[in-house]
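Following are the structures in question.
Two complexes, one shared chain (chain A), two partners (chain B, chain C).
Right, the complex of A and B next:
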């Protein structure tokens, strides 16, 4: 039995959102997604809500849903995972045949939190790392150093990611983080954890996103925009950062699983474009290599040659990625799914690619994790 | 509320202040206890997994590759090599530091894992350089018993 995405809703990412509470933001995204799917909450059989409660200044996130999703007295799973892992969980439920329609939700209200680094520091091992009492951005700085060093890349190489994604976001026109910026200008920004600079980091943003999925029967009844979840996989490498080598092992495994389910032999040939996690600039290149889109050590050159540009052979992050749209924490993956669906439906406005039929989405759980997943979407009909 | 009454000035946005006043006591565990006691004696201790013939750093009571229990701990005497390092310009409150903190991943060639710690801020140290731990004279059994790692001459 196949599973399809039948509805999407977004409360767009933005720097701050003083006009709404985070529950109201989710309500807005849910309302849009249900309208898009042509359903009402009563039609939904099961819900998955993604949340990292400490990062939201809350605890025991079960207490913060399901009212705003219209999900009272329905099955709701609140899980702490990236977008692909969250979708896989819901996908598996539909696959059992016991549920027809499922809803996936994620949100970010990072502007509510005054000191993010203290929250991320809580994710470091309390015995072996955290007693150093240092800003957790060092984890990204260390990993970036490993990544650049092992490939012979430099900071200018990753600055190209920032320039591409900020420019794509400007063209797309939804985000306030879009700008025409040159790679050289990126290098003028302040160092945060050398070699990581301020502009290498996707800026924190608020937002909410809801995705509705359904079994084949429901999707075909709806009749339009048949977007199939053709493959999905997720994995977690060791959380012990002392063992990282800068290669995003989690995505290699996730990609292998997703490609095999979707029957993909050569991702660049068999897929039309990708939404790839770029929470830090180097992550985009690291993820591109882990996904096997180019060989080890070839991503920087391909990027410079325009291979991943809007008009390139294999566009990556055509709407701007997280660098161009903002870092919305666990919602990053859902924003990526949302934007991939826009492309497959032909609704991506200024950044619309020429009739794409399949999309690759790669998500990462964020600092300081080594978890992520891969989704393959395919348009039918 | 947004439907009827729009916020036109940011200062009019109403907020409720909150905080998370939570304190923790983390048990060190078997591996952590060995490690901290070692630091107090001016030593770096690792776990030894006989199934994969590897030293595990920092020490834990299990090997994550073999999924086997470990009860053997060893002195790790080096050579300690800088795998990667970063110069950190932010404190925990995200304020800018004028003098960066040098943080490195340091390992030995025969180990799985390594140690995250400081580098001597006054030395030029690069990836691949061999370093040694500098211990404080007064040690209490904590991660900061190591002052930093510095170049081994």
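Right, the complex of A and C next:
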């Protein structure tokens, strides 16, 4: 039995959102998604919501989930996971045959956190790492240093990622983080944890996103926009930062699983474009290599040659990725799914690619994690 | 009966090696449309609710959407500050679990004019300082009225209402 995405809704990412509460923001995204899917919340059989209590500032946050989704007295489960892992959890429920329609929700109110570095710190090992009392961005600095060194890349290479994604976001026109910026200008931004600079970091943003999925029967009844979840995989590495190898091992495993499910032999040939986590600029290149889109050490050159540009052979982050749209934490993966569905439906406006039929989405749980997942979407008919 | 072993007190635990962390976990939550208006109302001594025309419920705290009908709510309604006690408890423990002499009395109060089971959580006052007094003075279903902070001291918070006190009836 196949599973399809039948509805998407977004309260777009933005720097701050004082005009709405998290409930009102999620309600907006849910209303749009249900309208898009042509359903009412009473038709939904099961809900999965992604959140992290420290980011919400509320413990047992799952209790706060149902109302604004229309999920009262329905099966709801809240997990702290990236978008692909969350979708996989919902996908598995539909696959059992006991549920026909499922809803995936994630949101961000990062602007409400006064000391984000302290929330990040709560994720670091309390015995070995936290007592060093260094701003947790050092984790990305360390990994970036190792990644660049092992490939012979430099900071200008990753600056190209920032320039591409900010420009794509400007062209797409939804985000306030878009700008025409050159890689050289990126290098003028301040150092955060060398070699990581301020502009290498996707800026924090608020927003909400809801995705509706359904079994084959429901999706085909609905008719239009048949977007199949053709493959999915997810994996976690170790929380011990000192064991990381700088190669995004989690995505290698997740990609292998997703590709084999979707029958993909050569991802660049068999898939048309990708939404790839770029919460830090180097992450995009690291993830591109882990996904096997190019060989080890070849991503920077390919990027500079325009291979991943809007008009390139294999566009990556055509709407601007997290650098261009903002870092919405666990919602990043849902924003990526949302934008991939826009492309597959032909609704991506200024950044619309030429009738793409399949999309790759790679998500990462964020700092300081080593977990993520891969989704393959395919348009049918 | 005598138990074998060593009794452990704070001293014994202090000898063990431990790691301590004090994170700065601070937040400023956006209240949004519904709650901002509600809090603004409190500042002016008003209790504001939202009504859903589909199910007819008058909701407090207010919401811009009805979670039952899954549609936007329709109208602001100003409620009086009198209601009845739906449930209450008498709390004798502080945050650190030490005993309090004078209890706190949390209660759910259904404000007159709201729908059934639509209460707000607050505290009761002027009902006694001992368990016996409180239990004698407070009954479920009893009518109560808000006691407000002085207007100058109100800041747009749930604590602008100090507590609810019984409405005394003339005999």
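In this section, the second predicted complex is superposed on the first by the 381 of 381 C-alpha atoms of A that agree within 3 Å, B and C clash if a C-alpha of one lies under 4 Å from a C-alpha of the other, contacts with A are read in each partner's own complex, and residues count from 1 in each chain.
Going forward, a residue touches a chain if its C-beta (ideal position, glycine included) is under 8 Å from a C-beta of that chain, and two chains touch if they have at least 3 such contacts.
Just so it is clear, the structure is predicted and the values come from calculations on it, not from any experiment.
Participant: After lining up the shared chain so the two structures overlap, which partner does A:72 touch, if you call chain B first and chain C second: first, second, both or neither?
Facilitator: After superposing on A, A:72 lies in contact with chain C but is clear of chain B.
Participant: Is A:304 in contact with chain B, with chain C, with both, or with neither (first, second, both, neither)?
Facilitator: In the superposed model, A:304 contacts neither chain B nor chain C.
Participant: Which chain, chain B or chain C, is in touch with more residues of chain A?
Facilitator: B
Participant: Under the stated touch criterion, which partner chain does A:118 make contact with: chain B (first), chain C (second), both, or neither?
Facilitator: both
Participant: State whether A:191 touches chain B only (first), chain C only (second), both chains, or neither.
Facilitator: A:191 contacts chain B only, not chain C.
Participant: Touching A:149 in the superposition: chain B (first), chain C (second), both, neither?
Facilitator: In the superposed model, A:149 contacts chain B only, not chain C.
Participant: Identify the partner contact of A:126: answer first if only chain B is touched, second if only chain C is, both if each is, neither if none is.
Facilitator: A:126 sits against chain B and chain C alike.
Participant: State whether A:22 touches chain B only (first), chain C only (second), both chains, or neither.
Facilitator: second
Participant: Could you pull out which residues of chain A sit against chain B in one structure and against chain C in the other?
Facilitator: The overlap between the chain B and chain C interfaces on chain A comprises residues 18-20, 24, 54, 57, 115, 118, 121, 126-127, 131.
Participant: Give the list of chain C residues in touch with chain A in this complex.
Facilitator: Within the complex, chain C touches chain A at residues 19, 21, 23-35, 63-65, 67-68, 70.
Participant: Enumerate the contact residues on chain A facing chain C in the complex.
Facilitator: 17-25, 27, 31, 34, 40-41, 54, 57, 66-68, 70, 72, 109, 111-115, 118-119, 121-122, 126-127, 130-131
Participant: Using the touch definition from the top, list the residues of chain A that touch chain B in their complex.
Facilitator: Where chain A meets chain B, its residues are 18-20, 24, 54, 57, 59, 115-118, 121, 126-129, 131-135, 137-138, 141-146, 149, 190-196, 238, 240-244, 246.
Participant: Any idea which chain B residues touch chain A in the complex?
Facilitator: Within the complex, chain B contacts chain A at residues 2, 6-7, 10, 13, 18, 20, 24, 26, 28-29, 32, 35-36, 57-58, 64, 83-94, 96, 100-101, 103-105, 107, 112-118, 127, 142-144.
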